[in-house]
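You will see chain A twice below: alongside chain B first, and alongside chain C after that.
Right after this comes the complex of A and B.
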C-alpha cells in the first residue's frame, strides 16, 4: 500500500478525531488519578462502633474533664466535657492532642534495665525483686535515708503512696517539683496560718491585676483560667498585665504595663504604700480581721513611695498612684502573681506583697477574690507503724536543706539537690525514684543536673516515655498513660472550689506497663515487716477505690466531684494564726530576709543583655514533652527548621547590628547556644526572650533536637526569704555566629 | 438559586476573646486526620486547615498591641455561590453547596493543579506535597469519618462536614427532619477554651451566629453589628466567617485600605 500525503493526513486527522471521540483518554486519565490516589501506604482508618468515655485529663494538674471518643477499641479524639465545673467543654491545646501520648512513638513498652550502658528488657518480677534486694541492703546498712523520690506533686494517691513508702522505709527525702504554688502555700501559711491551696475566683472579679502571671499561657488550670478570663471580659471586668514582654496574656489584657523584670514585688509594695497612705483600704476587713498593719509591715511599706518604686520598676509615679487608686476602688479587685506558667517558685516577699494587696482591699475568701482552699482530706490511711530504722531515718536532715534552720519554712527544695550531690564525695542519694517528673530537663543548670544524676548509683524512673530523666536512669518501670489508667486528680490548680477528678481508662493498656501504685505496693510487700504492713491493699485500684469511699461511684459516673457550694470560709473562722486574724506582720514574717529585687547572675559588662524565659500554650515544659501536633502548631516566630528564635527589641538589635533572622550565639555564664533573632516591638529593650519547652534531647524526632532548652543556659538562685528558686532570668550576650 | 429552607452555616469569631492558644488548630488536626511531618516550620508547606495569625499594630514599645486571628476556610458565597475557588476548579473537585453554604473539597476528583490555591484570597487551601505518613502505631488515632488525603491533592477546612452528616443521620433515625444548633458543631468551636468561636446557621434567627452577626441580606450578608467585620470584605467574596473586635486597628487590618482612606471609620 502506498502512503501518499493525502492518505497520511486522513489517517492522522481521522485518528485524532477518533481518539477525541472515544472516552478512552479521559478514562485512562481518570483511572490514573484514582490509581495514584490509592497507594497501599495511605492508611484507611478502620470503621467501628463509636463510644465516649468520661474521664479527667491527667497531662497537667489542671483537672479538666474530658470526653474521649473511641471507634471500636481505638481512641480517636479528646474533647472537653460539657458542664464540667472546671473547663465546661473547653480544652487546651495539649489536652486536644492527648491521644498522641497514647500512640506516640516514645512510649516505653516494657520494664527495662540498663546493663553496661545498654537497655535490656526485664520482667516485672525480676525488676521488683532486684529493687527490693537493693533497698533491703541499704536499709540494713543504716542508709535508709539515702533513698529519695522526686514526684510531680505531693497530693493524690500515687504521690502519697510514694511518700508513705519512703516514710515507713525511713527516708525524709521526698521531693515535689518546684512551682509558684510553693510560694503561694507559704504566703497563705505565714499570713493566715493555714496549710491550704490557693484558689482564684477570677470569673467574678471586676479587676484582675496580674504581676506577670500567664493566665492564658498555662498558669494554674488552663481549662479554668481560659474560661474565667473570657467570663471576666463578658462581665465587663478589667485586667491589667504587668510584665516586660508583650505575652499573649498581656496582649489580651486591657492594659499592658511594662516593668523592669524582677521588680514586680517592689511595685506591689508601692501600690500597698499608696493604698495605706491614702487610706484607701477596706476598713471593715483591715480594722476587724487583721493585725500587724502598723507593725514591721508599715515600716517596710514606708520604704516604697511611688517615686522610689518608679525608679526601681521603670513605671512612672503617676501610673503607680493611678493603678493603686483604681485597684482599691474596684468592687472586687484581685491581685495574682507567679511568672508565666508558674514553673519557678519566685520571690516569697513578692508573693507576700501581692497577697497583702488582696488583704488590704478585703478580697480574701470573698466573691471575685483569693480563696484558701482546704487541702483534700479523702486520703485517710491507717497510722503507720514505724520500726527503729524508719524512725532513725526520719530523724535525719533532708538532703536539700528544706526545713533546716536556714530555710525553716520550705518543705521541698529540689533545685538544691544537684548542687548537694555534686559537692559531696559520695552521693547522699543512693537510690532515686522519679515519678511524674522530668527533672533532668526541667531543673535549671541542666549540665549540673545531669552530672548529679549520673553520680546517683541507682535511678528508677516510672515514666511512660523515654524522657531525659528516663534516659539517665538505671531502670525504667513504665506507668500506664492517662488514657489507660485510673487515677485521682486531687485538685484543679488555682480553681476556687474543692474538687476531685478521676482519670479513667479509655482503653486496655497497650503495652506491658503497670500502675506505679501497684509497683510501690508490690515493692513494700517484698520488703515485708512494717513496710509491707503499711500497704494492706491487694493492688492500686483497690487502694484508690477504698480511699475514695462513697465518692468512688459518683466519680466513676460523672468523672468529678466538686463542692459547688463552697465560697470560702468566713473571716471570723478563716484564720488560724495566733491572733486568729490575717497578719500583715508576725514573728515568722518579721524573721524573713527583707525584700530586694533579685539580681540575675552574670556581670553586666561582660553580659550586657538580660535573658528571660517565656511560656506559650503551644509548648509544654513540665513532665510531658510537646507531642507532634503542638510542634506543628508552633508559630514560625518561635521555631524555624531546627533553630529557635529569640525575641529582641528592634532598638537593641540596631545597637548590636542584628537583622531579622540572623543566626547568633547566645551566651550566659552557664552555656552558649545558636539561636535566630526575631525582632518585635513587644519586648523591653535590653532583654532577650527565649521560649521554654524546646531543646529536648529525648522524646521523638518531632521534638528532639529542635531549639534550645532555657534551663541549659540558666541556673537557680535561692530566695533569701524562703530558699526556693527565685531566678527569673540571667545576664547574657549575643555574638555573631 | 436560593433554596427553600436552605441553611447557611457560618461562624462568629470573637477576637477580643481569642487568646491565640491554638487549641482550635489541634482539635481540627485530630478531627480531620491532618498529617504532620518532622519539620512543619515552613508554613507555606505546612497543611493546617485552621491557622491562628498574629496581628500587630506596629507601634514601638511599649505601645505595641497584638491580636490573634484564627482563620478557617471562609466558605465564600460570592455572588450566588460563585466562590473564588469553585469558579476556577477545572475538575469540579470543589463545590458550593446551596443547602448548607459549605464549600466542599472532593479529594478523588482533585488532580492537583492548585488553581484554587491561587484563586483563594485567604490562603486556606493547602497542597499535599508528600504522602501522609504516621509514625508506627499512630495511625490508630485516625478518624474513620474523614478520608486520609494522598500526595498531589489540595485540601482545606470543610466545617467538619462529617459531623453534619452524622447529626443528620441521627435526626433521620429519630424521625426528625431538622437538626438542633448544638447537634452540629465543628471541632474548633467545641474545643475553644475561651468560647471565642460560635458556629451555627446564619439563616436561622434562633441561632447565636445569626443574632450576633446580624447579616444584612441586602448587602450580601454584611454585618449590622458595629464590632463585626469580614476578611477582605470589599472583594465581594461574601464570606461566612464574621470576626468581632472592639479595637479599631484590628477591624481595619481585616481589609486592605489605601493610605488616608476611611480615616477613623470602619464601616461606611
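Right after this comes the complex of A and C.
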C-alpha cells in the first residue's frame, strides 16, 4: 500500500469531515471571540468592595473637598464633595484627573542621590545622615544662613515645619513661590493694617469688575470660583472682564473690555477719579471709616482723568465714565485683579488702586464684597529656643532682598534669587530645600534659574515627581502624593470664610516615600540640641493631630472645618492702621514709588510685538505638571501634536504676511522658540498670546517636549513699589521659520 | 513501478500513453479506482476521520485547558457546619454589590492561628494570614469582562438559589482542579465539562445561551434597565 496524493487527500478529507464533527472549530472560534473582546492587556480595575474616602484636593491651594472612589485598594474616580462649603460637588479637570498623579509613570519611588551625574538609590537612613552631616558642617563654619528653602506656600504645618527648622537652625532664607496673593496681602496690609488673606464674596455680589482675573480659568480656588460665578449669574449679577485677550472668562462675561496690556492700574485710578469727582462713592463708609482720601491719594487720582486714561489704556473716555458710574451705582460691586490664574504678583499700585475702588463703594467686609480673612491660627507651637548660631544667622539679610531698605514691605522675593546667585562668585545659598514647588519650570527666565540651581552646591527636592527642579537636584526625598497622605490645607484661596481642609490618605503609599514633615523632624533630631528640641513630635502625623487639637476629629470625619458664620469684621473693629480706619494714603503708601504702567523688556523696534501669556483651566503652571488627561483635553487652537499655537490678530498677521497654521520663530531677549500661528480676533493687534503650562522638559512623554514654556522666553521685572515680579509680558518678534 | 500500478496490471508506459492519447474505451468509474484502490482510499478517509475525531474529542480538550490547583484546598462542608449558609461568607455588601470570594479579613477571625491539623489550613495561615497576602483564588464562575452580571438582580430580586448556577459546590469537601482555557483565560466551567455543549443541569454550563434561556423562560425584562434597549444590552452594556 502506497501513500500517494489520493490517499493523502482522502486522509485530509476524512480529517476535515471528522473535525467538523468535533467541538474543535466551534470552540476555538468561540474562545477567540471571547479573547478578542476582552484583550488581556487592557487594564481593568480589580473587583472588590467600593468605598469612598472624604478628603481635600491638595493639587492647588483651592481647598476643594473631594470624594475619592475606590474599588478594593485602587482609586478609580475623584469627584467633588457634595455639600462642601468651597466647591459643593464641583471639581476642576485637574482635580478629576488626580488619580493620574498617584499611578502615573513619573513618580519617584525611593530616595535617590546624584553621584557623578547619575541617580542612585539610597536608604532613608543614609539620606538623612548625609544631609545632617552636611548641615552640621555648614553650621559649624558659621554659614547657617546659607541654607535656604523654597516652598509652594508658607501656610500649613509642612511649610511651617520647614520654616521652623530654618529659623532654629539659623537661616532667614525661607521663600514662598510668587503669586498675586503677595500683592493682595500687601494691599490689605498697607490700607487696613492687618496681615490677612483676601476673600471675595463673589456669589453675593451684583457686579464683578475683573481686571484680567481668570475667574473660570483657575484664579483663586477654581471649585469656589466656578460655583460663585454661576451663582452670580443666577442672581442676575453682571460681570465685566477687562483684558487684552478674549479669554474664556471674558467670553462668559457681559462685557469684554479690551485694554492695552499692563495698563489695568491706570484704568482703576481712572475709575476712582470719576467716582470721586462725581461724588459717587459710599458716603457712609468713606466719611466714617476711611482717612487719607484728600491726601496724596487725591493728588495721584487727579493725574488720571478719563481722557488721559483713555490714551493709556486704549479704552474710550465714554466707556470709562460709564463703567465708573455703573460700578458705583451697583448695590454690591466688587473689583478684583491679578492676571489669569494669578501666578505673577503684578504691580502693587494696581492692586492698591483696585482695592481702593472697593473701598470707595464701601464694599469691604460686606456681603458681596472683598473680605479680610484672618490668617489661620491653629499652629501654635512652643516658643523656639534659639542658640547663638541661630540668632546670628537670623540677623543676616535675606538673600533675595525682601524686607531690606529697598523693599521693606516684601516678605519673599524668590524671583531675585537666581540673579543674586548668578552674580556672586560663590553661591550665597549652599544648601537649598525645595518642597511643593518647581521653580526650575515656573520662575521666569528659566535659563538663568537653571544656571543658578547648578551653582548651588547641594539641592534637595522633596518632590514626588521627577520634575525640572528634581532633575537639577542632588538628592530627592520623595513625599507621598496627596492621595497617600494627611495634610492640612489651611485656607481656600479667595474663599471668603476661614477654612481648613484635611487631605487624608485614600490608599497606603505605593512606594518607598515619606512625609516631608517626617524628614524634617528626623533631620532635626539628627542635628540635636536646640534644633532637635524644637521638634518634640515622634512623627508628622502626631504633630498634625496635636496641632489641630479639637479640630482633628471633625476634620477626619468631614474633611473640612469652616467658620460658616463668619461675615467679615465690622468696620469699627476691622482696621488696625494708626487711625483705625481704612487709609487711602498714609506714610507707608506715600513712600511707595508712583504708579506708571510697566514697560515690557525689549527694544520696540527690534521686537515690535508684545508677547503676553494666558492661562487655561486645562493646563497647570505651578508645582504639579499637567497630567495626560489634561493634555488630551486641550483644544487644537492651543496644541497640535507637539506644536504650540500662538494667537495673533488677523490684522497683525496680515502686516507680517502670516497665514493660519504657519510655523514661525518667536524670539525675545530671553530666547527663541518654534510656534504655530493661530489667527483670532480675540487678541488685540500687536500682541502675541502664548499659553502657560507647556514646554516641560521633565515629566512623562505626554507632557515633556510639547509646546514652549513662556517662562523660558520672558524674564522678571521688579515692581518699583514692592520689589515683586510685575512683568506681564515681553517684547517679541516673529520671523518665518 | 508502484505497488498500486502493479496491482492494476497496468505498466507505467501504458499509463503515460493513456494520459497522452485519448483512449478508445470511454472513461468509466472503474478506470482509476478499481476495487483494488478503493479500499486504501476509504481506509485513509476513515483514518483521517478517526484521527480527527480523537484529536477533536480527546486531545483538543486536554490541550485547550491547563490544569491548575487552587493555592489552598478548601472544605465547604466543614465550613457550612461551622458558620452556616453560603451567605455567611459570600454575602451582599451594604451597597448591594456581591462580595464574591471571601477576603482574608473574613477568614482571619477564626484563622489567625492554626486551629486544626489539616496541612492545608496550616499553609493558609502561614503563607497568607501571617504574611497578610490575599489568596489568589481561581474563580470557576468568573464571566468575561464584557458581561455585566448582578448577583443582586438574580438572588435578591429574582430569588434564585445559589445552586441553580453554581451547582453543589457547597457540598464539596475539597476544591476541584481549575481548568483554565489557554485562549480566553476563563474557566472550563463556563463552557461546561461536556465539550459538545450538552447539559443535564442548569449549572452545567454558563454561556450566553444559558443566560438567555432562563431569561426567556422566566419572562424577565427583555430590555436593559439602563439603556431601555433590548437583546444584547441586558448583559452587554
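Here, the second predicted complex is superposed on the first by the 695 of 737 C-alpha atoms of A that agree within 3 Å, B and C clash if a C-alpha of one lies under 4 Å from a C-alpha of the other, contacts with A are read in each partner's own complex, and residues count from 1 in each chain.
What we mean here is this: contacts are C-beta pairs under 8 Å (C-beta built on N, C-alpha and C of every residue); 3 or more make two chains touch, one makes a residue touch a chain.
Predicted, not measured: the structure shown is a model, and the values here were computed from it.
In the superposition on chain A, A:34 makes contact with both chain B and chain C.
When the two structures are aligned on the shared chain, A:587 is found in touch with neither chain B nor chain C.
In the overlay built on the shared chain, the residue A:44 is in contact with chain B and with chain C. Applying the stated contact rule after C-alpha superposition, one finds that A:24 touches chain C and leaves chain B untouched.
Once the two complexes are overlaid on the shared chain, A:15 sits against chain C while remaining clear of chain B.
Counted by residues of chain A touched, the larger count belongs to B, out of chain B and chain C. According to the touch criterion, the shared surface of chain A, contacted by chain B in one complex and chain C in the other, consists of residues 34, 37-38, 44, 47-48. For chain B in complex with chain A, the touching residues are 16-17, 19-23, 25-27, 29-31, 33, 36, 38-43, 46, 48, 54, 56, 58-62, 64-68, 107-108, 111, 131-144, 146-148, 150, 152-153, 187, 190-196. Residues 2-4, 37, 40-53, 55-57, 60, 64, 93, 95, 97, 99-100, 103, 144-146, 181, 183-186, 191, 195-197 of chain C are the ones that touch chain A when the two sit in their complex.
Contact residues of chain A toward chain B in the complex are 33-34, 36-39, 41-48, 71, 74-80, 87, 89-93, 95-97, 99-100, 102-105, 216, 222-223, 226-227, 229-230, 233, 246, 248, 251-252, 256, 258, 617-618, 628-637, 639-642, 649-651, 680-685, 700-702.
The touching residues of chain A, counted against chain C in their complex, run 1-4, 6-8, 10-19, 21-24, 27-28, 30-32, 34-35, 37-38, 40, 44, 47-50.
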